[in-house]
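There are two complexes below, and they share chain A, which is joined by chain B in the first and by chain C in the second.
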Partner chain A sequence: MKLVEAVSDDVTIVEAYGRLDSTTAKEFGERLMSLVHSGRSSIVLDLKNIAYISSAGFRALLIAKKATAEREGKLALCGVIGEVKRLFDIGAFTEEFLICPTQADGIGKLRQ
Partner chain B sequence: MDARASARLPRSLTKLLDPEPWLRFLRDTRSASKPKRPADQVHGLDDVPPAIVTGLVGLQHVSLVRIQLIYPALVLQMADLPPATSVNLLCLAMIALGIASILQSWPRGPVGSGFLCPSCHTGIFLEPSLAAMKLGGLPLVFGMTIMAGVLQTALSPILRRIRPLLPPEIGGLVVFLVGTSIAAIGCRYLIGVGAKDPVGREYWFVGALTLATTVALNVWGKGQARLFCALIGMMVGSAAAVATGVLPTTAFHALSELSWVAIPRFAHNGWSFSPAMILPFTVATIAITLKNIGDITACQRINDAGWVRADMGSISRGTLANGLANIFAGLVGTLGLTPSTASIGLQAATSVSSRVIGFAVGGILLVFAFLPSLTGTLILMPRPVMGAMLLFSACFVLISGLQTITSRMLDARRTLVIGLAIASGIAAEIIPTYAADIPAAIEPIVSSSIVLGTVTALLLNGLFLLGQRQRVTFVVQPEAADADAQVEEFFDAAGRRWGARADVMVRVAFGIKQAIETIREHCDPQGPIAIEAQFDEFNLDVRITYRGAPLEFPDQRPSAGDIIETETGHLRLAGFLLRQNADRVRTWPKDGATVLEFHFEH
Partner chain C sequence: MVAEDPSSAESSASCEIRIVNEISEMARVADLVDRFGAEHGLSNEVIVALNVSLDEILNNIICYAYEDAEPHDITVRLQLRRESVEAVVEDDGKPFDPLAVATPRPRSAEREGGVGLHFVRSLTDQVKYTRRDGINQFWFMKKLTR
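So, the complex of A and B:
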């Protein structure tokens, strides 16, 4: 898995590439936690390049969401499309997360 | 034939002759599932449009259906009958078309697809009918048409059973070939190939104006203009044809000899049958049955935004309606009929698919049958206008066929079946002389692009079915770093071999990868995991056998807190996803191992 980070003022944008499953969830979770612990708790996570997400991936996302909330920040997701969107739907996760169509929408929501 | 095959043959024959499918078919009630209405539909299947809209849209369809009267007209030309007799037979053809259109739209009972699906004559029956004409005259043409109708009627209740021999991509192929055939006729008419007299700029102007008007109204038109784009295009083109002399005023003189009102006479020289014609008419019947499947599938897609799979109920009822219509067509004295693919293309173009219009089309055709002079005016439609109309409809037919073909995963075998069939069909279309020296018995098969393409696809499909396994197995080590890649590769190859739907195979691959991950992380597996998958056209079952703790499949997702805080919560989330992903899931212990079974509807 590859994570590409960019900063837009107070919001950190993370683009994830590859798969989000039990073999990558630990590395993914640790990277997001380190961002939160360094004070960057407003995160837009772009999933458009994620080809596959399993239950371990969803768990990592829930942990990241909880961690940002504990630091009075927020996690927004964007690029939830195709097969990943289907899995969010069948897992009843679309209401669980703040999901935006694009990175710009996500940044806007976090700044409200 | 080996011993096992010898034993299978009587069993297969017994199954085919079993009356139960027929009895079940006659008891069958219509599907209760509610289709999802497309957002851009103007008048949906169950809508009742205003009377004026119904009448005018009905006339558009009648105009398209009428163009295909060229096929019986060609056979009648060969019979060299007096004009009054020919017009009478065309009026009888209109009666058959009217009855067939009403039967197809019928929404209750075992007969009729229930869609707006007007019938028309077809080029598929042209070559066999011309051959029958040469051999035994019109009685043989009509007699063999009855045989084709009986055969199609008999096929209708067992379509589901013989589906592996008639896979959806071949149905899509037949629709595509019909589209190329309509487009080819349209192009010939549009540019004047085969016209009695040399054509000039005026002729091409009329064709171009008709096409441009219809296309412009369809693409940029709004409301009524888009709805009646074909009718307006035909009227503009016909007016231009009169103005430019492409349609000479002398052509109208022939109409003066026809009565305004006359009852068609059910009088022809009877019916005859010939064993020599059984093969070409059987092949043509299989081709129109495949086309029927493709046409009714296209109707289902037009009327259901959430369409995922063909509903065999309406397909079987529509096939029965077409079979009965063909028996009737042979009895009254015309060529075989089929749903009008061009009309279905018009539905897609105008977003008007109310079945009430199907009844209106039937009614208009029946009225025309009693008005020979009005039927005669239809015959006056200028050739370039006909060409433009056929080309316009062919665009939607071609794309509908391609969409059905590409909705399936295709491996090398299926790619070759479709590719070689298209190549042979196009060869028959563009090199008609290649069949000049072949035996007369198979000429009707190789002379028609649709029939030749269909026969090529059916033979290759049958050949490739030999030795093709519908059950596949493989073993994966749960700790293997590339276990997910192995699963993806395995199911991609299996899906292509089976010609499975791509969206179903994506669900299957997710389910198996999620199951292996869960077994590896939570079930302490001992040894490898065995995976077995079995496919038929309607079901895909995957069975996973492993030695380890069983999984549970809750019907409620655990809370976010449970998933984060506890291993049980995470495990239950995995089970919930697996349950939601498949259509059915179950697990049971077997010989010290645990078996998981996922069922996917296909």
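So, the complex of A and C:
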């Protein structure tokens, strides 16, 4: 798991690489929480380079979503494609998140 | 290590790994699945199904199967067949049939269990639990896809 972060004014873009599973969910969740707690609660998370997400990973995503909302921010996801998209569908997580086609769409949604 | 077994007509390849009951050990299993998948040209769909299913099963065992604080071995075996891949997970934790647990639809961050097994059932083609000689054995099969 690797996270690459970029800042676009009020929005933070996080590109995630690797597996989002039991082994990586804790570190991943802690990083997103530390962003939120430092005031960066508008986050676009790009999942296009994630190989798969297990239930531990989805739990971390749901917690991050809740944390951004509590700080008047929002979590937008993009790059939900291929097997990762299938896992969102199987777990019925698709409606739980704001999912956008691209990073630019995500940034646009967060600024609306 | 991936061991070829030319003596068996039915089984074309298998591998085994033993880990201790710590979450950090699970990355070794995912590495093995990725390697096994690459060496045998398994599709991404099959590799993801194996990885997610094993993540759910092992996480369950490591978090809930043991009542002491001692280290325990967990064994994972992968077996490639002509039209499928099979996985077996064995642990010496308390008897637990995950298939007897109802699978609720995921809806909130607070929900535990349930969702993981829903993934296993959805991503695999057959699952089976047996308890023998103090060992839980969870077996599943995934048909190969191109």
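Operating definition for what follows: the second predicted complex is superposed on the first by the 112 of 112 C-alpha atoms of A that agree within 3 Å, B and C clash if a C-alpha of one lies under 4 Å from a C-alpha of the other, contacts with A are read in each partner's own complex, and residues count from 1 in each chain.
In this section, a residue touches a chain if its C-beta (ideal position, glycine included) is under 8 Å from a C-beta of that chain, and two chains touch if they have at least 3 such contacts.
Fair warning: this is a prediction, and the values are worked out from it, not measured in the lab.
Participant: Identify whether chain B and chain C fit side by side or clash on chain A in the overlaid structures.
Facilitator: Result for chain B and chain C: clash.
Participant: Of the partners chain B and chain C, which touch A:7 in the superposed model: first, second, both, neither?
Facilitator: In the superposition, A:7 touches no partner, neither chain B nor chain C.
Participant: By residue count, is chain A touched more by chain B or by chain C?
Facilitator: Per-residue touch count on chain A favours C.
Participant: Which chain A residues come up in both lists, the one for chain B and the one for chain C?
Facilitator: Overlap of chain B and chain C footprints on chain A: residues 19, 21-23, 52, 54-56, 58-59, 62-63, 65-66, 83, 87, 90-92, 96.
Participant: Which positions of chain A touch chain C when the two form their complex?
Facilitator: Touching chain C from chain A are residues 19, 21-23, 51-56, 58-59, 62-63, 65-66, 82-83, 86-87, 90-93, 96.
Participant: Report the residues of chain A in contact with chain B in the complex, numbered from low to high.
Facilitator: 19, 21-23, 52, 54-56, 58-59, 62-63, 65-66, 83, 87, 90-92, 96
Participant: What part of chain B is in contact with chain A in the complex they form?
Facilitator: Touching chain A: residues 481, 484, 506, 510, 513-514, 517-518, 520-521, 557, 560, 563-564, 570, 573-574, 576-577, 580-581 of chain B.
Participant: Quick check on the complex: what are the chain C residues that touch chain A?
Facilitator: Contacts found on chain C: 23-24, 26-27, 30, 44-45, 48, 51-52, 55-56, 58-59, 105-109, 115-116, 118-119, 122-123.
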